[in-house]
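First subunit A sits with subunit B, and in the next complex the same chain sits with subunit C.
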Partner chain A sequence: MNTIQEMFQSWGMVERAVAFILLAPLAGGLIAGIDRRVSARFQGRYGPPVLQPFYDVFKLMQKQRILVNKFQNFNILLFLLFTVFSGALFFMGVDLLLTIFSLALAGTFFVLAGFCVGSPFSHLGAEREIIQQVAYEPMVILLAVGMYQVTGSFKVAEIAQFQAPLILYLPGVFAGFLYILTIKFRKSPFDLSMSHHAHQEIVRGMTTEFSGPALAVIEIAHWYENVMLLGMVYLFFGFNPWLGLGVALLTYLFEIFIDMNYARFKWQLTFGSSWLFTAVAGVSNIIVLGLMR
Partner chain B sequence: MAWFKRSPWILHYNATSCNGCDIEVIVSLTPLYDVERFGIINTGNPKHADILAVTGSVNEKSRQVLINLYEQMPEPKVIMAVGLCAVSGCVFQDCYNVMGGVDKVLPVDVYVPGCAARPESIIDGMLKACEILEEKYANRNKREKGEEHE
Partner chain C sequence: MMNALIFLILFPLFISLLALFLPRGMPGRKVIGTVANAVLCAVPIYLLFATLDQGPSYFRLESGFITTAMLVLEVLIAAYLIYLSVRAKRYLPVVLVVVQLVTMLGFEFVHGHSIQVEYSLFMDKFSIIMALIVGIIGSAICLYGFGYMPEYHHHYPEVKDRRNFFAFLMYLFLSAMFGIIFSNNIMWLFFFWEVTTLCSFLLIGYRDDNASRDSAFRALNMNLIGGVVFAFGIVYLFLSSGTMELDKLLLQDKGTVLLPAVCFAFAGLAKSAQFPFSSWLTGAMVAPTPVSALLHSSTMVKAGVYLILRVSPVMENTVAAQMLTLIGGVSFLVTAMIAISQSNAKKVLAYSTISNLGLIVACAGVNTDAAVWSALLLIIFHAVAKSLLFLCVGIIEYKLDSRDIEDMDFLIMRLPKLTAVMMVGMAGMFLAPFGMIISKFVTLKAFINANPFMAIILAYGSAATIFFWTKWMGKIISIRHGEHEVVEHRVSNWEWTTLGILAFATIAVCLAFPFISFHVIDPYLMELFNKAPIVDTFNILVIFVIMLGLLIILPLGLFFFAFVNRNYKRVGTYLGGANISDITFEGAMDAAQPIQIKSYYLEKFFGEERLFYVGVFVSLTLIFIMFGVAAI
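Right, the complex of A and B next:
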């Protein structure tokens, strides 16, 4: 592991970005496959093959391309581009804030893609996506603020190499981040706009007008995003790479567990509870840190 | 590679079924039969679907809906008639309001008989439909290549 880490650190920024762009979809797809398998087991089913998400994407690529209007594809491609961009920034080890903001920009393009078509279901999905964004965004920014307070730097590379365990300084921020991760991973109880389940319902609204390759692009962007978010979980345990990796995986399993055990919330509850949790866990953690200085 | 075989997504439409066949289609998703092991997902959106599974015979009211759904599906697509009603109209075929089986309106590719169709035969029909999907995809490619050469 240490050799892997040393190798990673010896790479230049461009090499790291290329490594992310090539490897993240593989890892993300594999995680999604394991997710579906584990979820099925939780429900007492056998579940699809682990490589199922790849099969789905390859199939979607082969389907006929149906466009409702030309802006639809434009927005979806920008969504993918900015998601990849922010992930690449993160793994290059540059500014955490820039990463977060470009991820928010990617989300904005996704919402625009939902709004640019005529279907009312798609509009409803896009509105729900906005509500979700407003719900999780404060906590993501608090994450950057908290890490800056402890390490004195916004640079991902420096935060990852910070020798003291970050989690001991930021337990509240970590808890808050876990809470909103459920939204970001699109898991129940917060999967209001693009659920992994319930393909017949309004919670699938966002993807109503996307078919074939465009749907594949959404899926791939989601993989990139997931890998990057797990990277953020890793930052809390950067002092010990093995622990970091282990906790990142455990986090994902935990999210699957939550996903399987909760009914979907209404948007009011989603929004209210995540802001409340952000305030209680995140903000108070940061205030305490400020007082300790 | 044969990706259609590995990830066929199904759209289920109830034309005028008595609900017997619908329940059997849904049953094939439950833990006992679990069609997701073949990568099959029950979507509610024609734009995501590869296979259109129709239950029940067609009448004047459901005809247009059926055609709309079919036209919104991206190529390649396959139609599966589930249950005797969808295959031929079953005991209702002489009713004044029933047009007959689904093939009176759309080109059906797979017929799954039974009243109600058993989940086992529905799953069998779905896997048959996958093969036809592959065939249609191959044919489409061939046609496109042929057009290029001309």
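Right, the complex of A and C next:
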């Protein structure tokens, strides 16, 4: 592991970005496959093969292109493009805030895709997606703020190489981030705008009017995003790469566990509780750090 | 150089008089106006390049006669305001005007002969930035007015046609703005300050019905309160330190001039519509659109933050400055939240203006090199994008007969070009890679170092900002196939020209921002702090890549999906049953169910009536503390 890390650090920015672009979908797809297996076990089923998400995506790619309007898939492509772009920025080790803002741009394109088809289900999903975005955004920014307070830098590379355990300074921020990660991973109880299961009361929400290749693109973007989010979890434990990797995976298992145990919240509860939890855990942590300096 | 400054103050005045007295319908009128606007754009640009490598310059001017003339004009304005107020049976403005006039006249009478002013006019990089904004955006808005006002009167035949008076006020406003930003003599600054109050009062009340009269008097009252405190500040400043010049104010002992500085900052808060004064700006939307655009982007509110930024160095590291920061922060956060619950387009824009100005005020309170850097960028970016949005909404209002966002469904099918322009403006307000996000980025970094609590406010406020912009964006770009009449051809060329200029400017200022930062803002900061913030060049590069990428990908992509890509099958939207048409479907029991799409406004969380009073009470408390700590 240490050799892997050293190799990664010896790379230039371009190489790291290329590595992310090539490897992240593989990792993301595998995680999604494991996710489905583990979820199935929780529910007393066997579940599909681990590679099933890849089969799904390949099959979706071959489907007919059915559209409601000509421009809807353009937004989806931009969503993928900017998700990959922000993930690449993250793994290149540059400014964390820049990564976050760029990810917000990607999210906006996704929402606009939901709006632009003009269907009521999709519209409702898009509205809920914005509520989710607003629910998690403060915590994501506070994550960057907290890390800056401790390490004195916004650079992902410098944060990752910070020698002291970040988690000891930022337990509240980490807790808050775990809370909103459930939204980001689109897991129950916060999977309001669209869910991976077809039992959604609003007919799969935002993605109602998207089918075939567009759905595949959304799925791949989601993989990229997940890998990047797990990278953010890793940052809290950057002082020990093995621990970091282990905790990142445990975090994902934890989110699956939450997913299995909760029924979907209403948007009021989702939004209110996220802001409240951000305030209790994240804000107090930031203020304490501010006073300590 | 001094002649250029005087020209910039007097030329709009001259044009305004021409506008008042040349008969309407005279063939050359619009030509004269266009030429005047071009001149107003050109002179600040000339100033920018002529003084690119120079520091601030100060100018002596024989001020005896001018001061007397201003005093006479002040009395005349006061008399005019009293006359209007008494006629409308409103007595609060009368009291305020009298208090202010007595203060200033008494001061002039007792101490007038002993006031020594060395430099009456000055110009530094900040003045030039403001001059560019006032000159270019202000005159672009006037240009828009040429096409808009005839339609306005066509639309509202009941409104008395006072177009000459309207044009007079618009140019007078610009003249007063140039006066504010070039005056080093605080008495002069105060005079121009009061002229902008008068102009805004008359412009807001242009319709002359009950609603606009209410709004106009509310604006007048609040700005007069600011003006009275401003006058007290001037008197106190002279009595305590004997100076009457802006540049010398910063050289005084911080303790003695703190209270006057707080008074000036208070006047600035009133003018820039921060809490508790925010209601005058939201009320001002009754005025014709060019007025709103002018108030929100290049004049009035920007004069407020201009003054605050000028005096904030005096308050450095005081509790008063912390209070100022918090007032800005509260205004930023609360108004961004209220904007979520509004469906009136102009009100959303108004709250977003207050919110952004709150951020600028907070930066002024923090007053580090990075904070002031981002404050200046916020002023620039906000002015361009906000004026563009107001002008767009002004056109939509006539074409759709509504300014409600709920009526803007499928706007892209009815006004396609306008929607594209509007998307540029909205993206400019909150999305990476556009300007506002660059400044928010730096603001956040500045806040963390100075005051982590402000970083938290910024985190929540940014989230709220995303909400109301994105849902509005989504509303106007949704597409439904079917009968939608394109109503765009009826927009006049005056209006198109202005929109084109401003849309171009929104993108151009983002691309030119390294130039602006390096040549204009950094020298100003070196003057003030002896250092300028170092911005990571790689970050700028990334922002550039995103910007250029979007500029290339968006048109190409739209072209591809519109004309090239034929490999698809189109179906109707899913409505929950068998589609009858695009908006009705056959549901249970053979019933035809219509559908309707509405947005979320989260009234329960962000309702105006609740949050507004929270903002007013919190900010009033903070203001009292600010004055309290400055007085002791």
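Convention: the second predicted complex is superposed on the first by the 289 of 293 C-alpha atoms of A that agree within 3 Å, B and C clash if a C-alpha of one lies under 4 Å from a C-alpha of the other, contacts with A are read in each partner's own complex, and residues count from 1 in each chain.
Everything that follows uses one rule, which is that a contact is a pair of C-beta atoms (placed from the backbone, for glycine too) under 8 Å apart; a residue touches a chain by one contact, two chains touch by 3 or more.
Bear in mind that the values here come from a model prediction, so they are computed numbers and not experimental data.
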| item | value |
| --- | --- |
| When subunit B and subunit C are modelled together on subunit A, clash or fit | fit |
| Touching partner for A:G246 - first (subunit B), second (subunit C), both, neither | neither |
| Partner chain in contact with A:E209 - subunit B first, subunit C second, else both or neither | both |
| First, second, both or neither for A:F154, with subunit B first and subunit C second | second |
| Touched partner set for A:D95, first subunit B, second subunit C, both or neither | second |
| Which superposed partner A:N69 touches (first subunit B, second subunit C, both, neither) | second |
| Touched partner set for A:G272, first subunit B, second subunit C, both or neither | second |
| First (subunit B), second (subunit C), both or neither touched by A:R45 | first |
| Per-residue contact with subunit A, leading partner among subunit C and subunit B | C |
| Which superposed partner A:F58 touches (first subunit B, second subunit C, both, neither) | first |
| First (subunit B), second (subunit C), both or neither touched by A:I131 | second |
| Shortest CA-CA distance between subunit B and subunit C [superposed frame, angstrom] | 5 |
| Subunit B and subunit C contact sites that coincide on subunit A, given as residue numbers | 64-66, 208-209 |
| Contact set on subunit A toward subunit B in their complex | 36, 40, 43-49, 52, 55-56, 58-59, 62-66, 199-201, 204, 207-212, 215 |
| Subunit A contact footprint on subunit B (complex, rising order) | 1, 3-4, 6-7, 31, 34, 36-39, 41-45, 47-48, 50, 74-76, 137 |
| Subunit C-touching residues of subunit A, taken from the complex the two chains share | 64-71, 73-74, 77-78, 81, 85, 89, 94-95, 97-98, 101-102, 104-105, 108, 111-112, 114-123, 126-127, 130-131, 133-135, 137-139, 141-142, 145, 148-149, 154, 203, 208-209, 268, 271-272, 275, 283, 286-287, 289-290 |
| Residue numbers on subunit C that touch subunit A, as the complex places them | 410, 431-433, 437, 441, 444-445, 448, 451-453, 455-456, 458-460, 462-464, 466-467, 470-471, 473-475, 477-481, 536, 538-539, 542-543, 546, 553, 557-558, 561-562, 565, 567-576, 595-597, 599-600, 602, 604-605 |
